[in-house]
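After this come two complexes, each holding chain A, first together with chain B and then together with chain C.
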Partner chain A sequence: MDSTKEAIRTYILNEYLPGESPSNLKDDTPLRTSGILDSMATLNLVSYLEQTFGIQIDAHETGVENFDRIEDIVALVASKKGA
Partner chain B sequence: MIAPIDLTADQQQLQDAAIAFAKQALGRDMIARDREERFNREDWMQCAEFGVQAMPVSADYGGLGLGLVTLISVMEGLGYGCRDSGLLFSLNAHLWTNSIPIQIYGTEAQKQRYLPGLCNGTLIGANGASEPDAGSDIFSMRTRAERVGDHYVLNGAKTFVSNAPVADLFVLYATIDPALGPMGVTAFIIERDTPGLSVGKHLEKMGLRTSPMAEVILEDCRIPVENRLGREGRGAEVFECSMEWERGCILGSFLGTMRRQLEQCITHARSRKQFGKAIGKFQSTANRIVDMRVRLDACRPMVYRIGQLKDQNRKAVLEASVAKLFVSESLVASMLDAVQVFGGYGYMTEQEVERDLRDAVGSTLYSGTSEIQRNIIAKCLGL
Partner chain C sequence: MNLCDYLAGSVVRTPDRVAVVGPSGRGLTYRELDDLSNQVAAFLRARGVKRGDRVGVIAPKSAEVVATLFGVMKAGAAYVPADYTAPVTRNRTLLSDCAVSAVFLAPSCAGIMAEWPLAQAPHVAWLPGGDAPAGMGTPWADVVSTPAAEGADLAGPDELAYILYTSGSTGVPKGVMLTQRNATSFVDWCSDEFLPRETDRFSSHAPFHFDLSILDLYVPLKHGAALHLVSEAVGKNPQELAAFVADRQITVWYSTPSILSLLAQFGGLEARDCSALRLVLFAGEVFPVKHLRSITERWPQAAFYNLYGPTETNVCTFARIPAVVPEDRTAPYPIGPACPHCDALVLDTPGGSVVGQGEEGLLHIAGPSLFAGYWNRPTSETFFERDGRRWYNTGDVVVEDPDEGYIYVGRRDRMVKRRGYRIELGEIEKGLYQFDRVREAAVVALPDASAGVRIIAFVTPSGERPSIIELKSFCGRALPAYMNPDAFVFMDALPRTSTDKVDYQALIGSQLAPKQPA
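So, the complex of A and B:
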């Protein structure tokens, strides 16, 4: 779980928050509702998750409920990997 | 640091062949065809015989499997030798928004069915994404795709569809749910004679007039699920891939056009005499030509760098936008300079200088406007 979270955190920091202090990106930092992830960034993140974790995420699963916080994304990935 | 580009001997030979082919076979009767907005299917087939449409496609599907640097070198040659920029635009639209996405995202059956025809010239491809209210904000599209059993039913309208009046095959985008934004967009391959698809109003343009453009209307257009291109809700990915290739590669022919105009301006400035000497001896004229040369030298490595990156299977989002922005704006500036160097004659249709300017203006608009390119670059810079 921790490695999944770290991979997601690193991806978001590198791709969408370059120069930001890693300590400012917390598990519950709003991503979608704060604008850190716009819709295209979410699409790219979904592709990254699918390729990295070997899962498939459907279009209807990409809303705020699953992508607004790192902990939500980690939970989605975990549920997919366990499915 | 942008590395300079040296073509290999084989690439140089191919470019030379493309120049000779274009000068000999393409772009006849251009003034009349531009005026009448006539696409030349014969020239299209000649390009196919030369291998242009097959170059980036795998040999498994009737292509030549050539690398992108090689293809850019050929496009540069065609831009230099061919005065029909509309034809080159149609070829680019076909290659980057049909052949390449089908090759990358298509199923084996789709590749087998469509790529050979797209390579040999018998199929002309068109791409429909823009809508009257979805231009730069492309993923706000309203064209709907509703899944009904083993089909999708498409309803909506696309505008600015290059090649539409002559196309045999369309890659069109529709959303399964507008509320999903980009995640709802889905790509489809649609054959021209599919019931429910019709080509609408012909769109007259300022330039690239030999590349036909029209609206495409979808009315209860039933598309089998096997004609979906890529996964449901992943059309944005297909579209972005198309744009990344198109942004980078459509620029190859611009290099040739810029070189041709530069050479014509030098020739004219050496031979045209005013006030007792060649106009090239006047600094105000010479400086324009110098600027044209500087732009060409600055543009060329940018374009070839995209080819190098894509040939290495690397992403080129930032590089493609940087090049698209700079090269298209340089093209317009240089074509404007060419008109000025030729003076009143440059303004006359007969000289065929003003057409290059009209053809150039669209380059800062299609495949993402200059404003959109700046947005992409800013985002890549973390801004």
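So, the complex of A and C:
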């Protein structure tokens, strides 16, 4: 679980927040609703998650409810891996 | 009409009024300025400089430099001012490009003469200030002891008054050739619009190689007013600049918005009495509204004007800023309608078709202030013929508003497409300026293999540095999603060109340079 979260955090920091101090990105920092991730960035993140964790994420699952906070993304990945 | 006629008129009307005051506070009256410039002209003629020649000037600003500029024109020649803080190789390149027959140098600028091929080297005259190298050129004392000769041979209205070199988009300096008529048509418009009077005290902040200097130099001297020169060092120091405006009781100020922004933030203006100011003019770049608001609040008695125009046309549109800049205004003010001596057209492509009102297009200018071309370059690449007249494409995209005149949208070369959306990079800057912890913002776009374009915002913080998440979230609220920058870079200060504009080439270069190994 922690390694999944770290991988996602690192990906978001490197790709969308270059130069940001990692401690500023919290588990509950808004991502979609704040503008840190836009729709294009979310698509890239989805394909990263699918490749890294060997899961399938459907289009209807890529909305704000699953992608606004790191903890929500981690939960989505966990539910897919457990499925 | 010739710029020298303005000086001649003032010498007759107000011979004993102060014409120009140097950075040190030492001044010349109109009679003294006229005499000194006559000696410079006589010296140049004695050295064989004739009508149509070019004469370089590289020196910090001083009353003697002003006399030199008039002396060059009284000899019928055109002056070519170069930036004395620029590398000597660049200055040598541009003075060789236009083949100056003489050059006036401050002793501190002697380095330019090294490696100048002797056969092409111009005659050197040394301006005062420091020790001139021995064995070369004419010392100032000898220049000004030349007996003034009879019979002026002034340039005609369509002959060159000065050449101003601009960086050019490719980085190769281009010599913008301006005629006497170009200059006087602009100066005469300033007379009509700003009603200068003998009691005015004009500041001269811009260096003489920058076209803002044309207003600074010739408008006051035409009207018997006083011209107060700002040194390079004071010009970059907001505290000292504020003291200068107060102590010299400046009535007319003209500079880029950058300098006014610095004055508003760091000038300590609350402790300075600048109540003599009646006119504040700015030009050269977009004035971020939050800084414009604060300077208008500091100087409520002054009328503020936004002047627009490239070096190639000088000011060609203008707009008066309202006395009160509303709290909720974030959009920069329009550049306004065309000046009466200029004609403007908005075309869809360079030299193309007129667009409808309210549609974006490229601003084209015609009229007597339109430059004569670039030195050593064919005019066919420079102008468009239309209805039997010459038009110049400014490269600036504008929209015409029936009430406000032209609204500046941006440079065509600062527009990028990202995911199919057209983005004006200045729009992102405007958004960033709304963040209270952003003092300065500059945005560039770089090509990116996967995304097409990568948008990078350079930010200088005001107070506590915001986090990147805060900046990105702020942009998420202030801008459309496709405008949110890909990366943010913090800086203590934005790099600026010698004319105080944001140096976008340097910012782009900083991102293209190879990364240092970690």
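Throughout what follows, the second predicted complex is superposed on the first by the 83 of 83 C-alpha atoms of A that agree within 3 Å, B and C clash if a C-alpha of one lies under 4 Å from a C-alpha of the other, contacts with A are read in each partner's own complex, and residues count from 1 in each chain.
Please note the rule applied: a contact is a pair of C-beta atoms (placed from the backbone, for glycine too) under 8 Å apart; a residue touches a chain by one contact, two chains touch by 3 or more.
Source: prediction; values computed, not measured.
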Clash-or-fit label for the pair chain B, chain C on chain A: clash
Chain B versus chain C as contact partner of A:V77, first or second or both or neither: neither
Touched partner set for A:I8, first chain B, second chain C, both or neither: neither
Touching partner for A:S39 - first (chain B), second (chain C), both, neither: both
Chain B versus chain C as contact partner of A:P18, first or second or both or neither: both
First, second, both or neither for A:L49, with chain B first and chain C second: neither
First (chain B), second (chain C), both or neither touched by A:T29: second
Shared chain A surface residues [contacts with chain B and with chain C]: 16-19, 39-40
Residue ranges of chain C in contact with chain A within the complex: 419, 467-469, 472-473, 475-477, 481-482, 484, 486-489
Sites on chain A touched by chain B in the complex: 16-19, 39-40, 42-43, 46-47, 58-60, 62-63
Footprint of chain A on chain B - complex, ascending: 139, 176-177, 180-184, 232-234, 236-237, 240, 381-382
Chain C-touching residues of chain A, taken from the complex the two chains share: 16-21, 24-25, 29-30, 33-36, 38-40
